[in-house]
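You will see chain A twice below: alongside chain B first, and alongside chain C after that.
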Partner chain A sequence: MAALTWELFFRWGHFLTGITWIGLLYYFNLVQVPFLKAVTADAKAEAFKHLVPRALFFFRYGALGTWLFGVLMLMTRGILGEAFMLQGASAVIGMGAWLGTIMFLNVWLIIWPNQKKVLGLVQATAEEKSRAARLAFLASRTNVMLSIPMLFFMAGSSHAPAGMFGG
Partner chain B sequence: MKNPLDSIWGTVISGFVLTFILFLVVKALV
Partner chain C sequence: MLNADAIVQILFRSVHLVAGVAWIGLLYYFNLVQVPFMKEADPSTKSGVVQKLLPRALWWFRWSALVTVLAGFGLMGIGRISNMSILIGGGLGLIMFLNVWLIIWPNQKAVIRMTAEAAATRTPPPAEMAKYARRAFLASRTNFVLSFPMLLFMGMSGHFPQF
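Moving on to the complex of A and B:
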């Protein structure tokens, strides 16, 4: 199969998993956090048992899929190295790729390990749980903030008006 | 000082400011 056909399939996968990931990120921040603040302790416990783990499963594997498909796309186009080195015209997609990579690492190295403590999947004292909840919250909010420039550079790499980024 | 990430609007405004700064960085690189 031609490289351009592979690239289309990788781009399709990147969109499908990316929408799953960032959609759930916005759901957590815009809907779930205010909901959990407003409900009773019993409702919160039910959500932690039946809702949050499922959302987090699709969230973290969505992040993994998005990152992998993105890397495969850049490899197929032969610009993986120059994108991550922010060289020439590839600096536009490269900045998006760096922001996406930071967000992906944030999910797997900060949000998920701390959410496991909050959900009781690993042992933690009440104080550790409270600290883990705050860390996971700030990491999640950081990802919402980073998603704004990340999506700008992802879209801008293919759809910016000529000359917008110079070059 | 309050952490801007504690509110949705603070987070969104920080995202737009960061976008503008990074746009200037990328423009200088391209």
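Moving on to the complex of A and C:
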């Protein structure tokens, strides 16, 4: 029962941080990108100074929290190794976890370092800035694509009847 | 062993997750990012955000709320799920959904309309706009708070049906 209570707590944390992370990913792609295309240079500068940094703060720490809570849930269930190796019944959640891990690394290793250049937190020439903006955009768009199968595997993981995915 | 019921259930659950993430994710964006930003922004930036960012965000927000609820009802029906957790979690979700469509959206619509009129006529927005903005804000903050117990019970429902 103690393990179940921990798992429930980790699941709650995983939901809260995961919604923050992927919700902001959808916000960037569905709302902010079209918005920044439609506004004046002044409004864009203002958004980059005050709006984007705050959104990126919750975005990247949301991603970190989601990943950590996910790992803790797999550890509580004692299937971290099996999921990592895509073995047996843990293969389904393993696929979701791998996709989530790729997305998480994408956030911290590609999106955030490039956004730091765009925001001017790291020195960059105008040319480097526009290249960084493009890279961050493509990595972000990639994560939107990956989020659909990722959530499908998350949904299928602990609810699919035994044997549904073979194994 | 692929049975049709299980496949439909997983599809509904996927749709429920994707739409739910978009809905509550935008709720968190409004409460954690946009509200603090608007407090600091100058009037012209604010007006631009209300006219060009907010309508798009609210479009995804309210329609994803509808899809989340419909997929949720579908799931309960197909899976024949009825335990205390899902009744509490689903009940909270339903209150939040009604809040979106009956309070947040009508009040935000008034704010967007008044802001656009003020910008078009180059006059300050009417004083009563603050009243609509305040109502939408309070309903949004309420949903933010309700989302925490709602998600706890959602997480419990499929995994701890004994509760």
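Convention: the second predicted complex is superposed on the first by the 163 of 167 C-alpha atoms of A that agree within 3 Å, B and C clash if a C-alpha of one lies under 4 Å from a C-alpha of the other, contacts with A are read in each partner's own complex, and residues count from 1 in each chain.
One rule holds for everything that comes next: a contact is a pair of C-beta atoms (placed from the backbone, for glycine too) under 8 Å apart; a residue touches a chain by one contact, two chains touch by 3 or more.
This is a predicted model, so every value here is computed, not measured.
Student: Once the structures are superposed on A, label A:152 by its partner contacts, choosing first (chain B), second (chain C), both or neither.
Tutor: Once the two structures are laid over each other on A, A:152 reaches both partners.
Student: With both complexes overlaid on chain A, does A:4 touch chain B (first), chain C (second), both or neither?
Tutor: second
Student: One more residue to check, A:29. First (chain B), second (chain C), both or neither?
Tutor: So A:29 only meets chain B here.
Student: Go through the superposed model and pick first if A:138 touches only chain B, second if only chain C, both, or neither.
Tutor: first
Student: When the two structures are overlaid on chain A, which partner does A:95 contact: first (chain B), second (chain C), both, or neither?
Tutor: first
Student: Have a look at where A:48 lands relative to chain B and chain C in the superposition and call it first, second, both or neither.
Tutor: Touch status of A:48: no partner.
Student: Applying the touch criterion given at the start, work out whether A:61 contacts chain B, chain C, both or neither, answering first, second, both or neither.
Tutor: neither
Student: Check the residue A:86 against both partner chains and state whether it touches chain B (first), chain C (second), both, or neither.
Tutor: In the superposition, A:86 contacts chain B only.
Student: So which positions on chain A get touched by both chain B and chain C?
Tutor: Touching chain B and chain C on chain A: residues 30, 147-148, 152.
Student: Spell out the residues on chain B that touch chain A in their complex, using ranges where they run on.
Tutor: 3, 5-6, 8, 11-12, 14-16, 18-19, 22-23, 25-30
Student: What residues of chain C sit close enough to touch chain A in their complex?
Tutor: 1-3, 6, 9-10, 13-14, 16-18, 20-22, 24-29, 32-34, 36-37, 40-42, 44-45, 48-49, 52-53, 56-57, 60, 148, 151-152, 154-156, 158-160
Student: Going by the contact rule set out above, which residues of chain A touch chain B in the complex?
Tutor: Listed in rising order, the residues are 29-30, 86-89, 91-92, 95, 99, 138, 141-142, 144-149, 152-153, 165-167.
Student: Which of the residues in chain A come into contact with chain C in the complex?
Tutor: Checking each residue of chain A against chain C gives 4, 7-8, 11-12, 15-16, 18-20, 22-27, 30-32, 34-35, 38-40, 42-43, 46-47, 50-51, 54-55, 58, 147-148, 151-152, 154-156, 158-161, 163-164.
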